[in-house]
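Next come two complexes, and both contain chain A; in the first it sits with chain B, in the second with chain C.
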Partner chain A sequence: MSVTTRNSLLDRVWEPFRQQPGSRRALLLMAPLMVFEFFVFIAPFLMLLRISLSKQVRGLPYEAGTFTFEAYSEVLSSEFFHGLITYSFKLGIIATLLTVVLATFYAYAIWRSEGLTRTMLLFSVVLPLLTTLVIKTYAWVPLLAPRGTVNELLMAIGVLQSPIQLVPNTTGVIVGQVYIVFPYATLAVYSVLSTLDWEIVEAARDLGASRPRSFFEVVLPQAMPGVAVATVVSFAWSVGAYAAPGLLGAGSDRTFAIEVETQMLVGFNWPVATALSAIMLVLMFVSVVILYTALNSVGGDVSHGA
Partner chain B sequence: MALERESVENALFKAGYGTIFAFMLVPLVIVIATSFSPSGNLDFPPAGFSLKWYSAFFDNIDWLRAFDNSLVIGAGTTVIATFLGTTAAFGLEARRDRWTQLLVPVVIMPLLIPPVILGVTLLVYFNEMGLRSSYVSIILAHTLWATPLVFFVMQSIFQRFDWELRDAGMDLGANPIRVFVHVVLPNVKSGIFVSALLAFIISLQEFVMALFLSSYGTRTIPVLAWTTLRQSLTPIVSVVSTFLILISLVGILLAALATNLDFIAKRL
Partner chain C sequence: MSKIELENLSKSFGDLQAVDDVSVSIRDGELLCLLGPSGCGKSTTMRMISGLETPTSGRVSIGGEDVTDKSAYERTTSMVFQNWALFPYKSVLENVAFGLKMRGEGKQERREHAREMLTRVHMDGYEDHNPTELSGGQKQRVALARSLAVDPDVLLLDEPLSNLDKRLREEMEIELKEIHEEFEKTFVHVTHNQDEAFTLADRIGIMNEGNLVQVGEPSEVYHNPKNRFIEEFLGDTNFVSGEVSAVDGDGAVVETDFGATIEFPLAADEDLSQGTTVTVSLRPEFMSLDAASATDGGQKTAARADGNGSNTVVGTIDTVLYRGSTIRYFVETNGESMFVERSVTEEGELDEGDAVQVSWPAEEILVFRPDGTRVET
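Up next is the complex of A and B:
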């Protein structure tokens, strides 16, 4: 296609937009994404709510056209579901704590390093981030198995006399889950750190602050927005963990996500599956808002104090 | 004394990040190593070297079909997500007000919702729409995840672009679409390339939503790997994992060449 015919084609495409004011054109550019988000994100959630308010019926996923709070009261009143929800939140809290502490440290190390070291450290988080959850979970099986690498190693150096049970076990679930969310948390903290000026830290050191002290009193408060994002992401994904407890956990390591999958695809009880999802979304939303506000206010106070 | 303390701190610091570095990469190396297992066990260190699980992979019609499905879904996601993310980021650059800013949290939200909940929600919805287990349903689900990444990469690319170049083109009488194709596009090409690449990798590796939305005929590689794993631990899954890790590796290298690793890392 020659340049002239291409240009005349471009002119023809432009013709219908000529009359529109500039800001309207900008809206037109955003329209496809807005339409997409409405039909593939917002509308599906309204549908989810509607189905969670349907009657359960044997042989069908749900009974269309019915309206009842039955599924909600079933989830809210049963010991079994309470157990699932508590376990999910426990897993979420432990995995998040471990992840955020380690990730903040690692992000700091990346920020402080240069050249090849920095590239290698960044690479070590980007590659696992772009690797499927299935592999990230499965990779821990040969490592943590009773006759696996970790046990053999610990026995060889004499720490252990006999292999310990790491998978299937809660330990395995936590290790796997931390491994899954760690790259996201690291990059969230790193992207905030990389906007900071190292000279502020130097100044604190010149004034006599020790290195750990300058980290906790100068770097950390400034990195707080990144830490808050890292916490929220780790928490949301770990409470909703599916792959790690599914493959590395024992029967007792049952999260709500696994139960939702079972109810949905095996039990064909859609009202209970959707009601459980909706309840978890609300609980998670509330805890995320509390967490986020708390972390950001901590960051603010400390930076004013320092 | 102070010097001694400093060197101890340095050593501890290095040991700390060195350990995490190993923690991140060793599992992937072990997966690759177990794909060469001569037996049916996942042994590490491997008891020998054999390519028999690789030939088993290429002889297995189920794996090959899943591979095709992954490619179709990845390609569809790439096209749609790149289009939606790029146009929206371009539009937002031209018009920022309270209403258009609302788009940003809505676009991020899908990334913060546990994939199982998204999977259930979309399954219920697509079932109602008569699209259950279609390619379209999985492509749209993956687009929900890939679009935010494209959007943020493109947003920062557009922010760095020198808009006076565009104004100059407009002053010379070219219409805005012509200016976009001849002036803006050549300058943001590498950004679009990186976005498309990321969108493809995200789709290729996504598993939970695909698990809910696919059927026997449309399941992707990660879904088949998961279903296989639930029955038995076989080195054939290591073979598939090796391929997926290699694809991501090549993708990261290409993206890093087009921009740089630091730029990409900050936007993931």
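Up next is the complex of A and C:
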């Protein structure tokens, strides 16, 4: 019981929770989030599912009140959609691999740095998060353009004779996508590394492990929970990439997200768009579960986090 | 051969001079304790032996070979860390086998080897446990087994006992000593605990502010501290200051502020001038304490009429402190407080408020100049 008025309001808010048993209390505390999730994710998703089971019709988004698996069979049987899904997964895998490797090294560098260097390294990871997605992605265009910074630099140091095309094409998409997810992946790995005791690395080296060996033997297994989170976040985001392929990709760089938009707004074909979304959601869910299980078996207990 | 030579070893971190020109030769098979207060550079010195720290200047050689430019994993040293640094995602057995794995020993062989080591440190049966499930003492044993398993030429121990409670620490001290005798390796043990150093060491190296102040056998360091810092660091003592009033061929006299006169012999070549202010250490364990009006059949010298005299002073017992096996008597004499330590077997002979006479043997007095250096007596 509080005696100060400052706490009494908090106490009153807390009062109904206090009397509940632990598990019920946790449920009550989660309730606002669950309500929110229901209205912004579950309910719309159920509506989406319903639309995906409707009949396609010219002139209207879909024909209400109908029930058919037509849209699903169209998506599942079409070469075009297969290509789209394959491309999305390829982009996801390549971008994830690059991101996780780069992010792990970068996080290691932050972990090992001190003082101002550490602040600068951390700040430069967070900095891109302060800009909107479209602007920071589009900023790559002048950098990667045929007469852009990267080409000029490579030609100036003699690596290239003539400019190469970096954008708009798949290279540009991968660069952009890695750039978008890199901060999240880095922070995920760093958050785990920062709890790690440097002494265990010293102990490994003292016992005869070389620098790379000590990293793989004692740092990586312990950083695995962070690496797993980084992988899942990068993968989920990259498979569903929209901004990077849209802004930095060529016409052939079509992820399913871009196709969904086209089907919805240009083709006015909501059943196909929603069916594609639903199929991708299932595929993503399955791959994330497989990924998580695999990573879990490699390094320690992922579910226990840091 | 695993003699260690440190030559003019220095290490600075930015503006901080952590280790300043340390030179010492550690004998093959010796157990050397580096003793000093925290921040004195003892751990840094040890880390330079292990290769985990690169010296700013100076050389390190092990077994006659200059290893200054070799990294930690190339050196034949092995370190037991203060917080044990066990690998949390590996089992106890995998921890102990780690060094052997790095060395390329086969799986069967290294597991066998690791098991033997665990048995040696009485940790058999814990092979499949995770280190996080172990108590401090058990972690300590596993860390020790892990370091010993690679059969190092030199075992480095960085305050490995400081996180253990007193009883466990004393147990481990004895065990460490046994292991040292059994394995016949050179051990370098870093500690800030005087008792630990005196129990374990063949020789003690005392460090202060980056300097190695004195290296010697425990009794040598105890009886002949090189300067005032060591005398102060090694144990509680009474420091009294006074002025040298007389110096003759073989002795000197110091007049103290609280009335006592301290007389002590002077080494032949020692140069001490009259009028110098000196600090005298009167060790509580060498001082005797008698009731001022002692009528003990003439066995003890009765107090003189004025009480004070050469190497003796009268006072009143202010406080009696029981410290287990010893009792500490704080005696108030002319505004100066000093303490005397007696065995608990003498309990009850004297009490608070009693008038007493405190005296000390002239040969156990340590005298220091104002700059802290010792006056040879």
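Just so we're on the same page, the second predicted complex is superposed on the first by the 267 of 306 C-alpha atoms of A that agree within 3 Å, B and C clash if a C-alpha of one lies under 4 Å from a C-alpha of the other, contacts with A are read in each partner's own complex, and residues count from 1 in each chain.
Criterion: contacts are C-beta pairs under 8 Å (C-beta built on N, C-alpha and C of every residue); 3 or more make two chains touch, one makes a residue touch a chain.
As the structure is a computational prediction, the values presented were derived from the model and not from experiment.
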Should A:A204 be classified as contacting the first partner (chain B), the second (chain C), both, or neither?
second
Is A:F45 in contact with chain B, with chain C, with both, or with neither (first, second, both, neither)?
first
Which touches a greater number of chain A residues, chain B or chain C?
B
Contact-wise, after the overlay, does A:L28 reach chain B, chain C, both or neither (first, second, both, neither)?
first
Quick one: is A:R213 in contact with chain B, with chain C, with both, or with neither? Answer first, second, both or neither.
second
For A:E261 in the superposed arrangement: first (chain B), second (chain C), both or neither?
first
Have a look at where A:K55 lands relative to chain B and chain C in the superposition and call it first, second, both or neither.
neither
Overlap of the chain B and chain C interfaces on chain A comprises residues none
Would you tell me which residues of chain A are touching chain C in their complex?
197, 199-200, 202-210, 213-214, 217-218, 221-222, 299-300
Which of the residues in chain A end up touching chain B in this complex?
6-7, 10-11, 13-14, 17-18, 22-23, 25-30, 32-34, 36-37, 40-45, 47-48, 51, 61, 102, 105-106, 109, 118-136, 138-143, 145, 148-149, 179, 182-184, 187, 190-191, 194, 211-212, 232-233, 236-237, 239-243, 246-247, 257, 260-261, 264-265, 270, 273-274, 277, 280-281, 284, 288
Mind pulling up the chain B residues that touch chain A in the complex?
6, 9, 13, 16-17, 20-21, 23-28, 30-31, 34, 42-44, 80, 83-85, 87-88, 90-92, 94-95, 100, 103, 106-107, 109-117, 120-125, 127-128, 140-141, 143-144, 147, 151, 175-178, 181, 198, 201-202, 204-208, 211-212, 221-222, 225-226, 229-230, 233, 237, 241, 244-245, 248-249, 251-252, 261-262, 264-268
Using the touch definition from the top, list the residues of chain C that touch chain A in their complex.
50-52, 71-73, 77-79, 81, 83, 85-89, 98-99, 102-103, 146-147, 150
